[in-house]
Each structure stands twice: as C-alpha cells, then as structure tokens.
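For reference, the structures are reproduced in the following blocks.
In the two complexes below, chain A is the common chain; its partner is chain B in one and chain C in the other.
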Partner chain A sequence: MQLLQAKKVKWLLLAIAWLFIFGILILPLALVVMQALALGWRTYLTTISSLVTLQAVNLTVAATVISLLFNLVFGISAAWLLTFYDFPGKHLLNALIDLPFSVSPVIVGLIFVLTFGQTGWLAPLFTTIKVQIIFAPPAIFLTTIFVTFPFVARELIPVLAAKGREEEQTAALLGASAWQILRQITFPALKAPLATGLVLATARALGEFGAVAVVSGSIRGKTLTLSLLVQTLYNNFKFKQAFVVATILLGSTLAVVILKRRLLRE
Partner chain B sequence: MYIQLKDISKSFQRRQILHQINFGVKEGSLTALLGPSGSGKTTILRILAGLEPATSGSVAVAGQVVDELTPQARGIGFVFQNYALFRYLTVYDNIAFGLRTQHWSLRQIKQRVAELLQLTDLTALAQQYPEQLSGGQKQRVAFARAIAPNPKVLLLDEPFAALDTQIRRELRVWLKQLIHRVGITSIFVTHDHEEAMETADEIVVINQGRIEQIGTPMTIYNQPTSRFVAQFIGQSSMLQAPHLQGFALPAQQDFRAYIRPEQVQVFKRNESQPLAVALEQATVISSTFSGAVVSVKLKWHAQTLLANRSPAQPPLFNGEKVVLFIQQALIFTTECSELQRNQQLAAAYAL
Partner chain C sequence: MQQKWQRVIPGYYFSLTLTLLGLGLIVVLPLTALLISGWQVGAPRFWHEATQQRVLASYLISIKGAAIAASVNTIFGLLLAWVLTQYTFPGKWLLDSLLDLPFALPTAVAGIALAYLFSDRGWLGRLVAPLGWQVSYTFNGIVVAMIFVTLPFVVREVQPVLAKLDPSVQEAAHTLGGSTFTILRLVVLPEILPALVAGFGLVFTRCLGEYGSIVFIAGNQPYRTEITPLLIMFKLEEHSYQGATVLALVMLVFSFIFNFIIHNWQRHLLRRKG
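Moving on, here comes the complex of A and B:
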C-alpha cells in the first residue's frame, strides 16, 4: 500500500513537471518556429539574410563576445580576490557584484545615458575626443558588460571557497610553478562553474533588452541588436519577420547550452 | 639537529600566535607536535613548509637556513589533514606529479611510482581517481605522493584525524614503521596524546603558542614539568595538598598531586591484597566498565580520585566503602615537579 502510494506520488509529480514544461516552454517555442516558417522557406531565408538582420547579428555577436571577455577577466579576478584575500571593504565589494542583478535594466540604461549622453557628466570628455557612446555600439557594449558581469564571479566564488587552497599548496610543495598549478590543478576544478557562468552570461547578453533599448536609439542598420530588431519588427506589424529573427536567438541559445554540455561531457 | 627552529614568533592581526618557538629534530626521527586545537601547532608546520612567513625567527633544514626559500625550493613533503589529493588525476598521476615537475625521466618516474605503489599497497588502485578511494587509501596516496621526490623532510598535519578509530590504529603503526624504514625525518601534528605516545620518538607539547615540554613519550607521560602537561596528557586526578602516606610531601601547604588512575589500586574490604602495605579508606562514587578496564571514581578525604580496576575482579557498587593504595604520584609545588614512588613499595618488595 505504502509502495503504491509512493508510485502514485511519483506519477503525479512527473505529470505536473511535464505539463508545466510543455505549456510554458515547448508549446510557445514550437509556435514561434511554426509562425516563422508560415510564409515558407523562401521568405524565411530572405528575412534572415537581409542587411538589417545581418547587422543585428553582427552587433549582438560583438556585444556578447566583448562582455564574455570582460566577464572572464573580471569574474576570475573578483572571485579569486574575494575567496583568498582579506582586505578592508571586502563585504562591500561582494555586495556590489550583485548590483546588476538587482537594478532594473531600464534604470541601468538611464544610468549610462546620464553618464555618457549628450548632457551627461562625461559628455565634455567624449565630445572633445569625438567619440559617441550613447546611441552607438559602445553604449550597447557597456550595458551588456554591466548586466552580465555577476555571472562568472557568482558561479566561481562558492566553488573556490569550497575547494580551498590545499591542492594548490601541495602542488607548490611538490615543485610546481604558478603556471603549472593554474593549468593542472586549479583550472580543471573551475572548468564546470566557469562554463556555467559563461553560458548564463551569453544567454543574458544575447537576450538583453531593457537596458540596451534605452541606450541604443534603435537606429535601423546601425544600433539594432537581435532583441531590439524583433521588437521593432513586431511594432511595425511585421509579425512573421519578427518570429524569423526570434528563431535566430532561440537557435543560438540552444547551441550554446548544447556546446557547454558537449565540452564538459555532461 | 637536522631541523632547527630558532626563536620562531608569529603574529596575525595583532594577535600573537607563536611565542619564540625553539626546538630541534634529529635526522631520521619522528616527532609529534602535540597540543589542543588553536595552540599554534599547525602554524609551526606551515612555517616550516614555507606556506606562511614567520614574523621573526629562523628555520634551518640540514644546516641550511630556508627562511627565504619558496615552498617549491624547500624539498619538503607535506600531507594535509584532508589529504588534498588532486581530484582530476589518477592515483598514479598523483604520485607522479612531483616527479614530473622536477623533470625526472619517464623511465625513472615509472620505476619510482611502481616502487611507491608497492610500498603503500596501492598497486591495484593505480588507475582509480581519489573519489573512488576509502579514507585509509587516500591517506596512503597522500603519503606516497609526498615522499615520491625524496624530500628532506616529511610534514603531516593531523594525518589520522579523518579516519575511523579502527583504521586509525592500524595506520598509525603502519606509518611509524614505514617512516622508519624510509628513514625520512618527519614531524606530525596531533591533538590526540595517545596518538603522539604510540607513534612519535619525541613529543613537543605546545599550548597557547608556547612550548610546554619536549621529551620522549615516556618522559612526557611520567614526568610532566608543567601543570598543563600533567592534565593534558593522559588522565589524572588533581588533588589539593592531599595527605599521602608513604610520600615525602613538601613543607608548604599549597602543593598539588597528580595521580594516574593506573597508579591507584582499589580493593573491596574483604578482598585479599597482594602487598603488605598500609591502605587508605575511600568511598565509590561510580564505576564504569569500558572493556579493558573498569574506571572507578572515588571519594577520598573529600577529593575525587580516579582508579583503574580489572574487569576480572569482583564489581564495586556505588557508595561501597573500599580501601586503596597509591603507588606513584607527581608532586607539584610552585617551584618544581617531582615524580615519587610510594616508599612503602620498596619496603614491601624488600620483605
């Protein structure tokens, strides 16, 4: 009797899980793909290969790659610093790392406009050196870096803290150089959290909308990211094209997740 | 002395952890640093290995001052409490790690690792990963890895703390034999006095960052020179100025006596006693059977006294009036400590 009940519970939970995943995830995603292909392959391919779409792909890829590089350097340094060193202001720094998670993306955009915009605080400097930040790609890079920077650090800190330094110290006592220790001892242990952090950051960078929308100015063929392009198309009643562009985002996100699993042999 | 620590002091965040530590270790010997947790014993080990700098003082190994050397250059093998095995390397590669960093030839590496695998009885596990090993196996891997590149000195931090009681016993004996066979000068840290007694050639007792006493296990156990050592090492009853018959007691009245339970013989009133000596009266508070011995807690002249009794002897009851004989006591005055045998014993044996 007890066993039977346990089995019933299991089936119930399984049903809830699948129903939820189907309703929330699979069904809408399938609908996006179906809508995108509704006008046939030819329209799909023309939309995808149009100049505006290609520009958006370029800009999105550039923003993602740049923010990943920043994340890698900043995330590893911050995690290392917070795990292994004591210094005044440690708790403050630790709390500040999470700030981008807690600030609304629209506010983030506004902060950058206030700092770098035409009437912004740093405006005189950038006007003198004739570099435009707001309503230009640099603003998109900056905001993407801002909204993604906690990911790698937050994944690494608990792993580094749990790991301790004793394996590294043992390696040093066995004569290993700093580089050998990093490559042979530390890196293998950090591979998984690092990959998770990077995947999360990539997904966020690809999909960031709010903060980027404020600073981009949505200039067609110039400052549209894929997410912004989807919205622009949708607002202009080009629903099918909007779905076509959406499939690019969907596909790349899936590709990143699959790539991560492959690399880590999960 | 093969290892010599001279006036080692260490402060951390304005708190002094070590106060002028001085001691030496003979070549090929096994020394225990024994003390309660927080006494600074692990810090001494870490300073020796170069993992932490001393605030002042100097360390010499094999006649060479090593203060300025990095851990890499010191030639010291180290076994951490949790072993710190490289979790992404096999047992074989763990042991080979130090040989590869020191550019041994492939043939030499193979030969040395095979030799160590055999020595530590791990040959069958060479291709396993650390997470597949038991605690005792992990410890043996850590040991093999540490001694692989033939270090001058082996340091072990609480090497048995993470193991079950039974395995701990076995490994203690195993490690002691192995260290003496390999002939490597070794220091290990422990908070367990039995472990130190059974394993070490010499014991350095540390308390609150200071050395309390240095000596062989025998000396440390029988002739503690400080009250801390007398209480920390093994069990004893501490008595305030007891009136001990058969001992030369000091003139002043504020002395203390430390008495080991195995030095107190307890008898039922109707039991026959092996020695013709004067016995003292006492009352049983409790008696606890723990396998090999029965621990008896006695009330004697309004003070508590512990005694051991054989389980083969008839059991004692709480509140029972008994007689006892104290064979040996450690008499402490403010100036000195003295281990005394009951003088009646000599007289009794002479008969």
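Moving on, here comes the complex of A and C:
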C-alpha cells in the first residue's frame, strides 16, 4: 500500500480527479454564468424580470410547494404506518413507495396522459366536471408529486425504525391521542430527516423536466415552468436568454446543496 | 393477541388510509392505466411496435450509452471516492460539495450547458475539434450527458465503505509481503465490490431513463442519436399512444429485470464477504 501513499501517486490521482471534475462539472456551470452575463447586466435584469420569466417562476414555485406539502403529509403518514404497526402486505407497500424513482421521467408523463388525457381512463369524469388536467397546471402538479414521491418517506422511515416504538406505546397506554403523540414525541425526533427529505424533494421539484415536458404542452404564460422556459428559449436560438433563466435554477440548486450540507452536519 | 398489542399506538386506520390514498392516486392508478393500455394493444401489434427498426436502434443506443457511462463513472467514481477518503488535501470539502451538484441541478440546465460547451462555439468543442472529435449532436454527446447526470452515484456508494476500511488489515497484508496490487485485489476490492456493483446499477438505470440533459446535446437523429425516451416523446407528439405505451412497457420491464440481477449479484457478494 506504500505505493498509493507515495507523494507522486497521490498528486497524480488528485490531478486526474480535479481535471475530470473541472472538465465535466466546473466548466459547464461556469459557462452558464458567463453566457447569462454575456449581454451585460441590463439585459440580464430585463430578461429575469420579464413577465414570462416571472410566470414561470410562479408556476415552478407552486408545483414545488404543492409537492412539498404532499411529501410532508404522505411521508409522515407512511413512516408512521410502516414503523408502528405490523400488517399483511407491509413489504409490498414499502416497495411501492420506492417505485417512482425507477420510472423514467418521460414514462411518468405518459402514464398521466394515459390516465387523465383526452382519450384517457378518467377523461369522461373530468370532462363532465369541466376540469382540464393535461396541458394545464394540475398535470404539472401531479407529475411533480410523482417524481418527488419517495423523498421524505425514504428519509423518515429508517430514522423512525431506529428510534423504535416504545416511547409512543408508553404514551398511548397512558392515554395520549395520536395527535399528541405525533406532536410531542414523534415529530421532534423527525425534524432533521424531515428537513433533509424536503430539501432533496425541493431540488427535484424545481428542476423536473422530462415528465413535465410531456404533460404541460408548453403554453406560454400558462404552463411553462422554468425548465420548460429554458428549453423553449434555447430551441428558438435565444441562447443567452436561456442561460439567464438557467441561472435562476442554478442559484436555487446551489442554495439547496449548501442547505443540505448544513443539515447533515447538524 | 400479539397483533393487538402491536397496534397499541392510535392512528392505524388514519395513517393506513392516508398512505393508501396517496400511493393509490399518484402511483398505482397511473401505472395501472399503463398496464391496461398495454394490454389493449394486443400481442401482434405489441410485437410489431416493439421491434420496428427505428425502435431497435434506439434500444441499442440507449443501452450502449448507459453501459459506457456506467463504466466511466464506476472507474472515476472509485478514483474520486479513494481520493476523498484516503488523502488529505486543500480543497477537499470543495470537491466533496461539488459532487452533490449533479444530483440537484435541473437536467435542462445541464443539457444546455453541455450542448453549448461542446458545440463549435463552446470552449471544449473548439478544443477537441482539431483532434477530429465531435461531441455535440453525436453519440459521444449522449455519453457525456449521461456521465454528467450520474456523476455522484458511484462515489456516494463507495465513499462510506472506503472510509470504514480498516487500515490495520492492509498494513498486516503489507507486513506479510503483499505488493500494492495484490493487497488492492485481495483485501480492498472484495470489500468495495458490492458498493461498486450497486453504483454501476444505479448509474445504468438512471442513464436508460434520462431525457432532459440528453435531448439538447444528442441531435436526435433516428437510427443514430435517438434514445428510447426521446422516441416515446415523438410517439406522444404524433398521438401514437399505443406506440408510446409499448416502448414504455419494454423499458420498464427491461430495467426491472436489470435491477433484479444487480440486486441479487450484490446480495451474493455481500454474503460471500460475510
């Protein structure tokens, strides 16, 4: 093992590692910023504050908030159910929760089109109540929930399993209600993994592209998320503007990564 | 009365209802729609859609790209994990943090950045053009995008295992006269192999399904640079829902079989390790 601890070998391996990361990671990210600012600050600011961009920000934030709320409720309820009780079909349920991670984004879009689209399964129902799902914001919300589905549950389940159910059982025997147990015993133990799960879900929700691209129809000012706006601008050869909008997403990515590091250290 | 005791905590039916409702509406219902839609296609039509020349070409491109990207990232992932766990150097935290970015970066942003970077105007595109290499709008571009989005997978699988590696075992092997490569092969490799296999599997599956980062750089020419997810997208745009359904089912079944093999291989390795 002395060979690998030798100074020369160490520096060689380090050099390869940094060169690889520089080429494939640092350069593309630097390029986003440089291209965004290539036309100067003034253009940058007008693009970023244009109506289309702001509408895209609104829709993206709405989709993110909705999937976070869903994740919060579903994650806690799934972790509670899978840790505190034994019941038939528990393993199947556990496996189903992970399923959304292994489905390609485009297929996610497809299954929602097949369910809610014009020729879809539930089409008669939604036409009668006159609610449009596909090519409208609801489809964007649904697909975003799907792709972020397991994040919080995945973080909570192992932590809650490690904690065990003794405290909750004692509290229940002393006559505490489910809500009291959740608020006073379970929730405090779940704060850290909950925050991590929500942060990870935020990153995915903000940037989801493939699934949303299928169901949104990319209607300007109505169903364009930030990622779709980036695509629309880029495909219309408005490269610089595409990079300007991309900096919003890049900035939120950096914030998410820093936040996640902070949370994990605590 | 074992069962009753275990449900002493209140809220069983409430949490069961919420969980089943969420799972049913968001995951099970749409996936069932896919299965039903696939069933309605019928076997002869299914076979016809799944084996058209253009479709077969797309499987090959997707699988080949994913295999290359997974191999590259397994090698570099191992290298990065080694560097991050075995050495101390300035900027270590930066390297470690940078590796989180591809997980969190929106795929569309990665896509346009890579496409521009490797285009004729881009920094790297101009650099490699004299060598006769073309990346943007070729198969190479697909591989580059796949490598980018799955960069952290192997590192994050191997890193904790390498960090826990007991240096005294390596020292003992060294004292007994083992050369560096013998020790790496017989002492280190068996320890990290399950993590490497798991990482390879994660990268491969993600690459097969990846769409956002690839469409910008691939050029999307049928038979040459058209991945299967993109073909699904085209079928949808042409309102050929049957065609899209068939391709989606083929992809899903393929990745389930692949994951099953990887999972069992990893379990076998872990059991042998003891």
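Please note the rule applied: the second predicted complex is superposed on the first by the 210 of 266 C-alpha atoms of A that agree within 3 Å, B and C clash if a C-alpha of one lies under 4 Å from a C-alpha of the other, contacts with A are read in each partner's own complex, and residues count from 1 in each chain.
We adopt the following convention: a residue touches a chain if its C-beta (ideal position, glycine included) is under 8 Å from a C-beta of that chain, and two chains touch if they have at least 3 such contacts.
The shown structure was predicted, so the numbers you read here are calculated from the model rather than taken from an experiment.
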Problem - chain A residues touched by each partner, larger count belonging to chain B or chain C - result: C
Exercise for the section: Mind working out whether A:177 is in touch with chain B, chain C, both or neither, as first, second, both or neither? Expected result: both
Exercise for the section: Figure out whether A:261 sits in contact with chain B (first) or chain C (second), or with both, or with neither. Expected result: second
Practice task
Using the touch definition from the top, say if A:250 reaches chain B (first), chain C (second), both or neither.
Solution key: second
Practice task
Name the contact category of A:169: first (chain B only), second (chain C only), both, or neither.
Solution key: both
Practice task
Using the superposition on chain A described above, determine whether A:188 touches chain B (first), chain C (second), both, or neither.
Solution key: first
Exercise for the section: Give one of first, second, both or neither to describe whether A:242 is in contact with chain B, with chain C, with both, or with none. Expected result: second
Handout entry: Residues on chain A lying within both footprints (that of chain B and that of chain C)
Key = 169, 172-173, 177
Handout entry: Of chain B, residues touching chain A in the complex
Key = 49-51, 70-72, 74, 76-78, 80, 82, 84-89, 97-98, 101-102, 145, 149
Problem - Residue numbers on chain A that touch chain B, as the complex places them - result: 164, 166-167, 169-177, 180, 184-185, 188-189
Exercise for the section: Note which residues of chain C are touching chain A in the complex, please. Expected result: 3, 6-12, 14-16, 18-19, 22-23, 26-31, 33-34, 36-37, 76, 79-80, 82-83, 86-87, 89, 95, 97-110, 112-114, 116-117, 122-124, 144, 147-148, 151, 170-171, 173-174, 180, 183-184, 205, 208-212, 216, 229-230, 232-233, 236, 241, 244-245, 248, 251-252, 255-256, 259
Practice task
Flag every residue of chain A that touches chain C in the complex, lowest number first.
Solution key: 1-5, 10, 13-14, 16-18, 20-21, 23-29, 31-32, 35, 70, 73-74, 77-78, 80-81, 84-87, 93, 96-97, 99-100, 102-107, 109-115, 117, 119-121, 142, 145-146, 149, 165, 168-169, 172-173, 177-178, 181-182, 200, 203, 206-210, 213-214, 226-228, 230-231, 234, 239, 242-243, 246, 249-250, 253-254, 256-258, 260-261
